[in-house]
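Take a look at the structures below.
In the two complexes that follow, chain A is the common piece, with chain B as its partner first and chain C second.
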Partner chain A sequence: MDQQRGVILMENEIDGNWAWSSFVPGAEVPWDLKAAAHLYRRAGFGATREMLENAVSRDVCDVVDELLSGDEPESFRLQMSRLAAAALASGKAEQLSAWWGYRLLSTPAQCLEKTTVFWHGHFATGADKVTDPGLMLTQNELLRLSAFGDFGELVGKISRDPAMLVYLDSATNRKAHPNENFSRELMELFCLGEGRYSEVDIREMARCFTGWEVRRGEFRFNRYQHDTGVKTFLGETGEFGGEEAVRIVLKQQSAPEFVVSKLLRFFVMDELPQRHSDLIEPLAREFRETGLQIRPVLRRILTSRLFYSRYSTGRRIKSPVELAIGLLRCLEGTTNTQELSESLRQLGQGLLYPPSVKGWDGGRTWINSSTLLGRSNLVRRLITNQNTRFGKKSLREYLSDQGLKRPFEMIEAFEKMLFAVPIPVAAKERIESLMRPGTDVSTNEGLHALCTLPEFHLC
Partner chain B sequence: MLRSLRNVCVMLVMVYGLTVMPLAAQDLRPIDVVPATAVLYLEISDPVAVMASVIDHAVMKQITGLDVFRRATETPEFYRAIAARKFFELQMGMEWRAAVEAIGQKGVYFAVDGKTRGNILLVRGRDEQIMQDVRLKLLELTRLGGDQIRKLETYRDIPVYRLEKFGFAVVRDWLVVSNNSEAGKLLLDRLLDLSAADGESLSGVKSFGEASAARSAEPGVWSWVHLENLRALGLAEGLFAERTENPLAELLFGGIQSVLRKAQWVSTELQMTAQGLNLKTSMPFAADWIPESRQWYFGQDAQGRVPAVPEVPETLMTLQAYRGVSEMWLRAGDLFDEQTNDRMAEAESNLGTIFGGRDFGEEVLGAFSPAMQLLVARQDFSEVRPAPAIRLPAFALILTMDDPETMRPELRRTFQSAIGFFNIVGAQQGQPQLEMDIQKSDVMDVITSHYVAQKKDQANPAAPVIYNFSPTAVFFGDQFVLSSSESLARTIAEARRLPLEDAHTAVAVEGTPLRAVLNDNREQLISQNMLQKGQTHDEAEAEFQVILQLMEYLQNAKLRLVPSESQLTLEAAVQLQATGSTEDGSAARGNSDGK
Partner chain C sequence: MLSRRRFLGTSALGSAVLTFGGQVPFAFGASAVCTRSERILVVVELQGGNDGLNTVVPADDPVYRRLRPTVAIRKEDVLPIDQGLGFHGALRGFADLLEAGRLAVISGVGYPDPNRSHFESMDIWHTCQRKEEVRTDGWLGRWLEEPSGSSDRDPRALHLGAEKLPLALMSRTVRVPSVRSLEQFRLQGAEDPKFLDAVQALSAAGRDGQDDLLSFVQSSTNSALAASERLVTASNVKTSSIVWPTTQLAKQLQTVSHLIRSDMGTSVYYVSHGGFDTHAQQPDAHRSLLRQLGDSVKALLDELQESGQADRVVVMCFSEFGRRVEQNASDGTDHGTAGPVILAGAGLHQGLVGVMPRLDDLQDGDLKHTVDFREVYSAVINNWFGVPSERILKGQWMPVNVFQTQVKK
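For the complex of A and B:
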C-alpha cells in the first residue's frame, strides 16, 4: 500500500543470492506491460506502447540482450557524427549539449545512451570549464564506445582524456609540482570511494602522472617532466608511471564493489539497504571475475529477480533527463533540443554541464520545492512547445491514431507507459473530469496534470 | 404644337434625369467622398488587375505547382481555410475569385480622417445588386460569427448597421465601413448628394493633387500621407523628431528624417508586374531643408552620389552610399544626447590608440571621400584546405582616399598593428596565428594575412569558422580596399567598374549567389533545423529544399534613394524569375513572361 502511494520504504537487508538469481516471471511478478515498461525506463528512458507489447511477447532475456547489444545502424551513427560536427562548427558547447539531447531522443540503442549518461556522471567533466567543445565531444564518444566494455580500459583512456585533464587542472603536471587533483579523484570518485586511501597515497600517485599534459587539445607525455623515482602507494612500491598507477588502483578489492554499488544506485534503487555488503558482494565478484567487463554486470542486474521486485520498482526518483527524455520517448515525441538542453541545465542536469567533479548526487536531491515547480514547468514547456510533435502530430491526434480518444483511455495508457507506481483513483478521476474529449488543449492539460502527480516523479 | 413641343421637352428632361443622374453618381470618385482632413489615403483602383497580377503570376503558378507546396498545404489549418472559402462561395453563389472581383471591381479605398480620427473603408462593387447581396451576407456572417448587430439605424433612408467596433452601410454600388459615426455620416452625405455636402474633399487638397499627378497609370496599390496635416495634429511625433539619438539610425536615415520634418506629403506606389514587385516612395524635397548639422548626409546642395561598383563574380550584396561620416562624427554634439556622445568619445579614444594616436574623426575618417561601398561575395572553398564548416561570404569595404600619398603608409601601419593585435588575442585563446605578407607592384600594394592552419586542421574540410578569413588591405590609385579575404580584395582591385548610378544610396541583393551561399552551408543549416525543430534529417532537408526552391524565383532585389531638385524618391524592386525548377532545386531559367 505504501509503495502504491509512492513512498519509498527501505529494507535493512536484501539477500544477495536471492537478488541476483534470474528473474522468472510468475503470478506474483509477471512479465507484463508494467514490467516491460520498468525495464525500458531503467535500462533506457522509456518505450512506446507498441514496443512494450512487442517486448511482452518475447522472453525477458532476449529483450535485455537486445538492449545491451548497443546496436545502432551505421546510417544513424553517420548522421549523428555529421550533426555533432555541425554543432561543433558553431564553437558553442550548448549546441553540443543540444546534439546529445537529440541523440538521447532518437537513438535506437537507448540502453547504450543511458549508460553513457551514467559514465558522464561518473567521470564528470563540465563544458563550462573545458572551453573547447571538441574535447567534450571526444570524451563523450569515448564514454559511449566504452559504455559496455572494459572498465579498466575506460579508466586508462579517461586518464589520458584531454577534457578530463583540463577539467581537473592537470593540463600541466610537472615533477617539481605534481598535481594531486587527478590522483585524488581517480581513487575517491572513479574507482575506490572515500576512506579507501590515504593522503600519502594521493601524493605518491600524483608523481606517477607527472609529465601527462594537454597541448593543442591533445594528450602529450612530456618525459622531461615525469618523475621517474620510486613511489609507494596502496601497498606497492616501484618506479611507476600513470598506466601502472591505474592498474594498481583497479587491483584494489574495493574497486569492483564501488563501481557495482554506483551501478545499483543508478539502475536499481536510489538508496541501498543499510546493510548491503551481502547484496553487493556477489555482483562485485562477478565483475572482478569477468575482468571488469561492464556488459555482463548490467545483464545480471537487468535480468535479476531484484530488478523486477518491489525493492526496485518505483524506488528511484527520475532525474530531469529521465523525466524529459522518458516522457518524449514514450510518446514518440520530438522537440527543440536546444531549448530542452537549456531547461535541463536550469533543473541541474545540463548534459555536459555536471555541477562538479562529483557529478550528480541523484535520488532525493532532485526534489525540492523549487525543482518540483521547475519540473512541472519543464513538462508544460515540452508539451506546449510549438516544435514538440508526437509521432509528427499533436498529442491528441497521436493518441487518437492509437484508438485513444476518451480521457479515461488516455489516462490508462499514460499510466502504463509513464508511471512506475499506480496513480491513485481519486487523482485519475479528478484529471479525467478536467479533460474534454477532442481538443488539443485539453489533452495537453490532462497530460500535464498527470505529470505533476508525485507518482510521476518515481521511476 | 407648343404643347407637343413642351411635352417633348419634358420627356427629354425626364430621360436626361433618368440617365444623367445615375451617371453622375457613377462618376463620383472616392477622392470626392473622402474628406480633405484625411491624413492617410490608400487606393486599389483596379483590384481585379492587382489580384490577377499576384494570383496569375508565372512565379506564383510555379510555386503552387511544386510538390513541396502541395505537401505544405496538407495541414488542418489549410483545410480549415479551404472550408471557409467554400462556405463563402456557397453564401455568394459563385466561385470565390469571381465574387471578390465582383465586390471590389471598381476599387477598394481606405482612409484615416485626422479630424474625427475615424478609419474609413470604401469598396465599390460591380453594381448595386452585388453590393446589396454583400450587405445581406455580411449580416448573416456577422450573426454566424457570434457578433450581434448592436444597433440598426436609418440615416437618410439608408440602413446603417452598427457592430461593436464598426458600422457599415451600402449606398448604391458602394460599401461604406467606418469605426467612427461622424466620419461615416460624412461619407454617406457625400455619397447621397455631393453638392449638398459640407466641407472640402480630398480632391481639393493641393498637395494631394501634386502627389497623384506623379503616379503611374499601372494598376497597383497607391497611398498618400498628408505629413503637413499629421504634424499639425501632433500625430506620429516620433517621425518628425529633430534627432534620432542613435548613431546607426542617424547614419542610415538622418537626412530622410530632416526631409520628413518639412515635406507636405509622402506617397507610395506598389506594383506587381510580370517581372516582379516595385515599390516607389516619393516626397517633396529641397536641398535647403536640410539643416547644417546634417549636411553630411546628402552633401553640398544634395549632390552627393554613390561611387561605381566593381564587377565581381558571385557578388551577393552591394551597399553603396554617400555619407560624410567624418562630419557626422565631428557633429555628434549637435546630433546625439550626452550619453551617446560619451560613448563616442570613449570609442574615439580607443580607436585613436589603434590608429597610432591620430584623431579618429578628423584625421582617419576625414581622410576618405564620403562615397563608400560595402561588397559581399560568395567564397569558393572547393580547392582550399582547411575549409571552414560554416562557409561565410567574404566582404570588403571600398573607400576613396582624399590624400593617398599621406594616408597609404598610415593605413598600412594601422593594418599591420591590427593584425598583431589579433595575433596576441588569438594566442591567448589558443587560436591559430595570422601570417602577413606584403606584395608591391606598379599598380597596387597588397598586404595579406592568412591563418596558419593547425596540424589537425590542415586537410580538414570542416574546419573552424576562423578559416573564412584572410584579412587583406589593398591600395591602388586613390582606392583603399579592406577585405575579409585576399581573393575578394584582389578581385575588386582588378575589376572593371560598372556604370555610375544616379543614386545617393543603393543596395542590391543578387539571388543566384545568395542561393549558392545557402547551399554551401546546406548541412549546417539542416543540422540547425534538426536541433531546433526536432526533425529528422530527411524532414529538415525537405524544409531546406523548400527555401532553396523559393529562392530560385528571386533574381535580385534593389533599393535606391534618389534626391532630385524637388523630390526625394526611394525605389525598391524585387525582380522575380520563372524557372524550370525541379524538385532537386536545379533550374532551367527563363523569363517570367515566357519569352
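For the complex of A and C:
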C-alpha cells in the first residue's frame, strides 16, 4: 500500500536550535487547555477536563515533571501484581493482554505506561510465539522498570530476556552454529538502524552471544557453548562476549541518533522532515552526553518549543491504543478490558501481539478501509457497551454532572479533550442537529459521529 | 472460455479504460459492471496435509489399489479427468469447473528434501525459505511490497478468518488486515440513514488549509465509508442466483465474493480450510472436506461469473504436503510429500498440467515431486500479476505453464 510507505513532508527542514529551546508560553502558543490536552495525549493517553484545568493553572514544567516522575502508589502496584498473577493463572496470554489494557486505563502514571508501550514496540516480542505468558509478563515488567532509565542497561537486560530470546529463535545458541538473528536485530532494530553495519559485523557479533540460552524459562550462560575466540566487528577486535558486544554497539555514533529519531516519531511527529539531521543532532548529542539516560531526553522533548508548535500538534495518527484508551481516560471511562484488548488486536495493535520483531510502524500504516471502519465501530461499541461507564454513570449523566447538558456544550467539551485539530464548524452544527438533549442514545450517537470524522484520528 | 476473437474485439476498450492499473487483462470485456481491472488471487490453504492421491486419484494404477486396500477411492466413484486420473467423487464442483474449462490441476507439487512437520512445511510454502534462514516475511508479503501503480487506499491483500495472519502475507512494510466477518466492514449505526448521511457528508466536505495528514485520513475515510456502503448494498440486494453451502469455508468465500463485487481494490484474498490431517478414519472425513472445498469454490466462481467479475479471478488451493502412498493401520494416511495444486478461474490451460509422480518409483515410501511449488508461485506472480518474481521467490523459478497468455512486462 502506497500510503504505508509514503512520507509526504510538510517542511523540508526544522532548525534544531529553535526546536529544542524551552517552550515559553506566549500569545502565539499559549499554555491553555488545548496545549495541556496535547501534552497529555502525547505523553500519556489523555486527561479529563478537571485535570486539564488544573494543569493550565500550573507551570508547564511542573506538569511535565509530574508526568515523568512515573510515581505509582504502592497500593496500585500491588493490585496490578495481583491481577497479573490471576491472568497468568489462566495460562492465556490474552488475559495478560487484557490486564495490560486495564493497567493503561487505570494507572495514575500514564507517561510511564505510554513509554512502556513505546519500548514494547521497540523491543517487540509476540505472545503467539512466546507461548509462556509468564515470560511476557517478566519482559513487560522489565520494560516498565527501565522505561525512563538507562538505555544501555535496558538493552543489556533485553539481550538476556527469555521472552526476547525465545521470540528471536535464540533460546539455544551453539558455538558450532551461531544464531545471527539476535545480533542482526540488536543492530538493525534496537540500536543502530538498517545499513549502519555489515553482514560480517552480524556474523562476528553472533559469536559473542553463543552459549546464551534459555532453560526452564530462565536465562543461562552455557560456557561450553560459548565461542571464546577473537571477534572483529564495528572496527573493534577482541575476545568479546555478549556484554562487550552490546557495549560496542551502543558506542556507535548512530545509536543515540537512531533512538532519538524513534522517540521523535512516537512523541512528536509521525513523519520527520526530509532533512532532519539538524533537528536530530542536538537531541542525540544531549542523549549521548547524559549517558543514554531516557528521562532527560523525554523531558527535553516534552518541554521543547517544537513539541507545542504546529510541527507537532495534529502531526500524528492515533494508534488504536491511543484512540481507545484516550477516549476512555478523557471521560473517566471503564469497560470490559477483555473485549477492549481483543478489539485492539483486530485493529492491528494487540498488546503483547506486535506484528513482527519490527514492532508497529505506526503513522499512516494504522489506516485503511477496514481499520477505519473498525475504529469507528470500536468507539460505538465502547460507548454503548453496557459494561462501559463514565465516572460510574452513563455518558449523558456524566456530562450533565459537569454542567454539560446542551449538545453544543458537549461537542465543545469533546473537541477540547479528544481532538488535536479543530472540528469544522459545519460538522459541529450538523452533529448538534442529530442530538436531542436529554437522551442517552443521542448523546452516544453524537460522540460516535464526532469520532467518525477524519479529524478524530489525528493526535 | 473467451475466444481469441472475443479478446481482440474487446481489448481496445480494455486498455483505454483500464490504463491506471498498469496492466491490461487479456480477458477483460465480459462485463460492463466491473469497474476495476486488478487481477485477483484467492488462496485456499488446506491445513493438515491434504491427501493428494485421494483428491486427484490415479484410479487405474494397480500400485494405488494394492497400497491402499481400505482407503482407495473406488473406480466407479472417480470423476475422470484424463490420463487415468480423476477427481474424488465429492469434488463434483471441481469436475464441473474442469468441464467448463475453468480449472487446472498441477500434479506432483513439492520441493527437495521434503519436511514432514506441518508447521515447518507450511512455513516453507509460505516463505520459500528453510528453517536455517531468517524468515520474517512470506511470498505474498514480498509481492505486496512491489509498487502497485495504484493510489487506491484499500488493502491490497486481506486475510479472512479468525486465526493469526498467515506467514505468507507477512511483510516488513505492509500489514495485511485479518477480517473475521463482514460485520467489520460495516459501519455500526449506518442503519440510521440520518447518521449515515451525516458522517458521509461531513467526511466528504472540503477542509480549510493544506494538511496532508488530514487529507490522507479524509480520503481514506471517504473510501472506507463508500466501500462499506457498497458492501451493505451488495449483501442486502440479492444480486446472485447462487445457492451457497452453509459451511465455514463457503461463508468465507462468500465474503470474498461480496468484497470483490463491492469493488474493493484488494488483489489477494486468503482463506483457510482445516482438518486434513487424516491419520485415522480418513474416508468419511476427507470426503466431507473435499465436498466443502469443491462446492464452495464452484459457488464463488459461479457467483463472480454471474456478476461479470470472474475474468479477473483465480483461486489457488494448496496444502503443506500430501500423504504417504501406503495407508496406515487406522484407515488413514500419514504425512507425505508432493501433492496437487489446483487452480480454478480465468485464463487457465484447462486440465492436467505437469507430470504425475510415479507410484512405483518412491523415495522412502513417498512421491517424488515433479514440480517445485515455487514454479507455481512464479506462474502466479509472473503470468497472472505480471510482476518479476525473482526477489519475491528468493531465486529464479520458471513459471509452470498453466496460464494461457503471458502478460508482457
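The criterion applied here is as follows: the second predicted complex is superposed on the first by the 450 of 459 C-alpha atoms of A that agree within 3 Å, B and C clash if a C-alpha of one lies under 4 Å from a C-alpha of the other, contacts with A are read in each partner's own complex, and residues count from 1 in each chain.
By definition in this document, contacts are C-beta pairs under 8 Å (C-beta built on N, C-alpha and C of every residue); 3 or more make two chains touch, one makes a residue touch a chain.
This is a predicted model, so every value here is computed, not measured.
J.: With chain A superposed, do chain B and chain C clash or fit?
T.: On the shared chain A, the partners fit.
J.: Between chain B (first) and chain C (second), which, if any, makes contact with A:Ile367: first, second, both or neither?
T.: second
J.: Once the structures are superposed on A, label A:Ala426 by its partner contacts, choosing first (chain B), second (chain C), both or neither.
T.: second
J.: What is the contact status of A:Thr452 with respect to chain B (first) and chain C (second): first, second, both, or neither?
T.: second
J.: For the overlaid structures, how many degrees, to the nearest 10, lie between chain B and chain C at the C-alpha centre of chain A?
T.: 70
J.: After lining up the shared chain so the two structures overlap, which partner does A:Arg77 touch, if you call chain B first and chain C second: first, second, both or neither?
T.: Neither chain B nor chain C is touched by A:Arg77.
J.: With both structures superposed, pick whichever of chain B and chain C touches the larger number of chain A residues.
T.: After superposition, C is the partner touching more of chain A.
J.: Touching A:Arg220, do we find chain B (first), chain C (second), both, or neither?
T.: neither
J.: Once the structures are superposed on A, label A:Arg275 by its partner contacts, choosing first (chain B), second (chain C), both or neither.
T.: Touch status of A:Arg275: no partner.
J.: In the overlaid three-chain picture, which partner chain does A:Thr335 touch, first (chain B) or second (chain C), both, or neither?
T.: Only chain B is touched by A:Thr335; chain C is not.
J.: Rounded to the nearest Å, state the minimum C-alpha distance from chain B to chain C in the superposed three-chain model.
T.: It comes out at 7 Å between the closest C-alpha atoms.
J.: Which parts of chain A are touched by chain B and by chain C alike?
T.: Shared contact residues on chain A: none.
J.: If we count contacts the way the header does, which residues on chain A are in touch with chain B in the complex?
T.: Residues of chain A touching chain B: 79, 82-83, 85-91, 95, 98-99, 102, 105-106, 132, 216-218, 333-338, 387-389.
J.: Sort out for me which residues of chain B touch chain A in the complex.
T.: For this pair, the touching residues of chain B are 388-390, 430, 454-456, 462, 464-465, 523-524, 526-528, 530-537.
J.: Under the stated contact criterion, what part of chain C meets chain A in this complex?
T.: Of all residues in chain C, those touching chain A are 134, 136, 144, 147-148, 150-151, 153-156, 158, 164-165, 170, 172-175, 177-180, 184-189, 192, 194-195, 198-199, 201-203, 205, 207-208, 211-214, 216-218, 220-221, 223-225, 227-228, 264.
J.: Contact residues on chain A for chain C in the complex?
T.: 1-5, 8, 10, 128, 180-181, 184, 270-271, 314-315, 317, 346, 348, 355-358, 361, 364-365, 367-374, 376-377, 380-381, 421, 424, 426-427, 430-431, 434, 445, 448-449, 452-455, 457-458
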